[in-house]
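What follows is a set of notes on a single structure, which appears directly below.
Letters A, B, C and D mark the chains in the order given here, with residues in each chain numbered from 1 onward.
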């Protein structure tokens, strides 16, 4: 992923305090970001993707099968590592089977919503004028309207059966999820549109489509990636919420529906933590992996956001004695072998 | 003077005032928004093998003028003539125009896309205009291009990305890209102001060479009157969207006709100066949303007369090929104080001037 | 209004006020550290305008910010001392000072004007707040009323009327904002005002107006100015002495006129010939070949030698020391001046005697000055 | 002021769109809502008039044009007539909502303000002390930002109610008939509100922390913050110079956040069986109480718009650049 950032620009003759002649900053634009956040995020996400793919296959039991007639969930044991539900189904098996639909729906929703936001955001930003006014208005309306009540009224009228279909659910989620990306992309496009290199392309006679395709969109890649991750994150949360509310077919295992069933018998007030904690943590960690990746991209776009402790390798010497504090440049006497 | 390649006749540009667009907040559609009178009735000729410098402060409209001439924006009124004909419109014609008129922008750190290498930047004009087939022919032409801007060996530069080049090198690449189509006119919008002091002259000299070797008509936009004097054959001075003086470079700097030009010269840094310069016309340019009537400089002008508020001064001759838009130069009306083509040198005007004006006022 | 503003009683021009010795500044630490400033010695005297000239990346701003300990991360000072002489005769080393000590001497002894006043003024605070809060922090017993009066007085000093007190920065023009910055810098009557490209973003007429006011204020109040800019031609007009930096090193320091009339370092000479003249015949000029170096990959020996048309064989291997030359405490770091007799003619022009100096009014004189560059 | 006028126009437009969506959804979605209602009512005999009323409300078995129905719908909305709630014994929807609204407004309003203030303060602190152990807070906040509200609600109940028994796990107050407004009642209500509010604060503060931290870090690079330090101001004052500016983007991004928070809060209410709009909403869906559903969507949207308007006023008040824009 070779991406350059529009904001990354040397200041020319004006030398601001603390800004180096931009060489270092500029070459950064071409390196694969390797911040710990991105690595941790990628590893976590990879684990979830693997679970989504092979989870149902490696599940020790059929998640629908009841093992006993008791209505009291069993805590974790050798036979059921994560215990059982009130119907005596194996929690681990449900957990392993539930990742696929969550990830799939979120992914589809992310793709559709991102496509929508790129088309609408870039068009609005590049065209400007009335098209921009109308499209921005539309995006802002979708942003302001609270998504969950809208989804609930939609599913209320659609009836629960329609929520069985992953594609329909993904579609409905993407309708409520595109606006944020469109707004961000519009703003970025607007600033790119007035970049000198876009004017330069226009000056040599490039067509509008070529300019959008080769000058603008490639420079939006980090923003699009971040918007995509954000939408997938939103999709995970929303799908889980819908399933939690019981609008997804009960045969269709997902982490949200596990939480739905545990809530049905008040697992949280009965102390059956092994039932709701695993799916909840799975959703939270899946979300965390996406959020970390997003954070990494943000830091990549704007290196100033980096936490000093997590990136680069600050000298151990300084950490003990003189911590850098704002408005008081550190003095670290070091023999650097003067020429 | 030979026939101009590019000519502006009465170019005027009014911009709608922006209201928070780009903040991401919704805005109401345009309903009678106020306008900025950015460029007002400017006429200009660019002859071949000739550098015309446009000098002015920020907000004087000089960059807008360059963009109008490059047809990046279209004028509110007025005409752009290419080789004596009205400049063509439409997509095909736009390409035709781009083959004749090219532009170099101010900031070499922004005018090259950080994602594309030099090869991409230089090959595009050839491809867009169908001037070279990909392969050996294209490579040869690009090498030739780099040589024309003194970036050798070409191979070493073609593979580089903008961030691997210094400011001066970037600006040379930008110039090379503009030269690919073998244009007749090169518009250069502050091409050196973002560069380090020590390498500015190199780029200016390159522009001078292009004028001499390739007979290019060059428009050099700058706020630095000393560099205009160094490079240009003719200097045009703009103030608040209007053209206030034009003439041969040395005539304008050595015998300025307009009070604003004199002010500009007296304010410019000059190590040779022995005493503090005397600034005549302190203050700031007027609002261009509601520009003053008549001469836009009158509020600051030490010689302002009643007529300055009533009528926009036309261009009066002030020497060979030298003219100024100032009622002081109106010899027929007997208003003109400084007789002859050589008004006072900048900064120290004869006291007689003032008393003369007083009589007319 | 200026009657009760007292310039320090025993201040005499010429005493050292700020002494920088062997200052080294890096960006980053460890093996990726970039040496932004290397071993700089500089002295600012009472009432003096000391110009610091150099191109982007020369370290001029870094030097000033580091000396006042205001340089941001990842900037780190790795060596040197910065001695501030108080009126009372006591001396403080800024590099050894703690947070509290620094806070006390900031603005009351050393204040700062930076390039773009739009960014230097807080956009959401009124001019009044920004003018008075330094007073409130440093003079706790000052009443609200007298702080306001002082703010009005300060604005008056830079020609801004009192009704602007309630304004916010966005309501002022660029020139006005920079005037407010200057007024603010003088609020506590500091001995030193550091000005980092204070007029670069302004139009030339506004720039000239502000410089005039500045020099006028300096004459009235006697503070010293460290004036940082890339515009050497401007500096020659306003500075008493000038230090030229290149790639983080000081290459030459001399009085402004001596530097202008008789530069001793080829880089200074090249810079001087990078500014076209406003008068006289137009002669071709060349600037300096090549580009300023990347601080990550500095050339060996004298950092300037790859761009120097006089470079000797030894320049590629040995870095020249900063050595005294001529009179008036001028120093230069160039092998060509070892011994001075061996220097090429362009770098060996006679120094102008400050007293005997007369304006070279003739065009011939200027042509001669520029002749060197016409090669 | 122009900014405010512009925003008002935008909210008006959004409200119109929301009301139109509310009107259109039952009409464009396949299926016959009236039949669904009748099916659910089973046995209960409904008068012909009632059925005709339902038909009109959902535009089925009617010859009136869509446009006329639309105008009629608007008339009803403007009169506060949102239909009758079929699952609550045919009480007016507006009455049902009026009973639940204060619970949600109180809970969400207070929790949002607390989470904004807390998150902003922590964000400032984390940014200012960049490079210290506080940086480790960021991955943790990322976790809370990603965890669903209702999962945090589960954890809160499991820990503080089931295990520790400190606080009640559900309802808005003890089941008392006609509670009197006295201290016992108030403290009981507060007792019941603590866990839901804590859930909302913990889940939503993470977003404010991260956004404030990021803007603050960027703002600290501004020259005016450096000048504040150069002036020798006290540290708190220097932080204020930066924070005062950095808080503005947080407020202007409020519209983005409030939708999420409200959605999350509704889910939280469901977990806690809190007697607010969330619980009504989920019951309305399961009972096919379409009128209530529509009414709830409308009220929630309008409340979110109102919250946005308040945020805009605050923004205009805090930013002199906008304030003076005539």
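What we mean here is this: a residue touches a chain if its C-beta (ideal position, glycine included) is under 8 Å from a C-beta of that chain, and two chains touch if they have at least 3 such contacts.
Since we're looking at a predicted model, the values are computed, not measured.
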Centrality ranking, top chain (CA atoms only): A
Between C-D and A-B, the pair joined by more C-beta contacts: A-B
Separation of chain A from chain C, taking each centre as the mean of its C-alpha atoms, in whole Å: 48
Computed distance of Cα centres, chain D from chain C, in Å: 56
Whole-Å gap separating chain B and chain C, where each centre is the average of the chain's CA atoms: 32
Chain D residues counted as touching two or more neighbouring chains: 10, 131, 221, 226, 229-230
Residue list for chain C, restricted to those that touch at least two other chains: 55-56, 70, 72-73, 102, 114-115, 230, 292
Set of chain B residues in contact with two or more other chains: 26-27, 167, 196-197
Chain B residues touching chain A - in the complex, by the definition given at the top: 21-22, 24, 26-27, 29, 70, 72, 91, 94-95, 98-99, 102-103, 105-116, 124-125, 128-129, 161-164, 167, 174, 177-178, 180-181, 193-197
Parts of chain C lying in touch with chain D, wherever the complex brings them together: 68, 70, 72-73, 102-108, 111-112, 114-116, 119-126, 133-134, 137-138, 168, 170-171, 184
Chain B partner contacts - residues on chain C that touch it in the complex: 55-56, 173, 175, 203-209, 212, 230-234, 236-237, 260, 270-279, 282, 284-292, 307, 359-361, 366
Residues on chain D engaged by chain A in the complex (per definition of touch): 10-11, 13-14, 17-18, 21-22, 25-26, 29, 31, 33, 36, 128, 130-133, 135-136, 138-139, 142-143, 145-148, 150-151, 153-155, 157-158, 161-163, 169-170, 210, 214, 217-218, 220-221, 225-226, 229-230, 238, 255-256, 258-260, 262-263, 266-267, 270-271, 281-282, 284-286, 288, 290, 293-294, 296-297, 300-301, 304-305, 308
Parts of chain A lying in touch with chain B, wherever the complex brings them together: 2-6, 8-13, 22-23, 26-27, 29-30, 128, 130, 132-133, 136-137, 140, 183, 186-187, 190-191, 195-197, 199-207, 214-215, 218-219
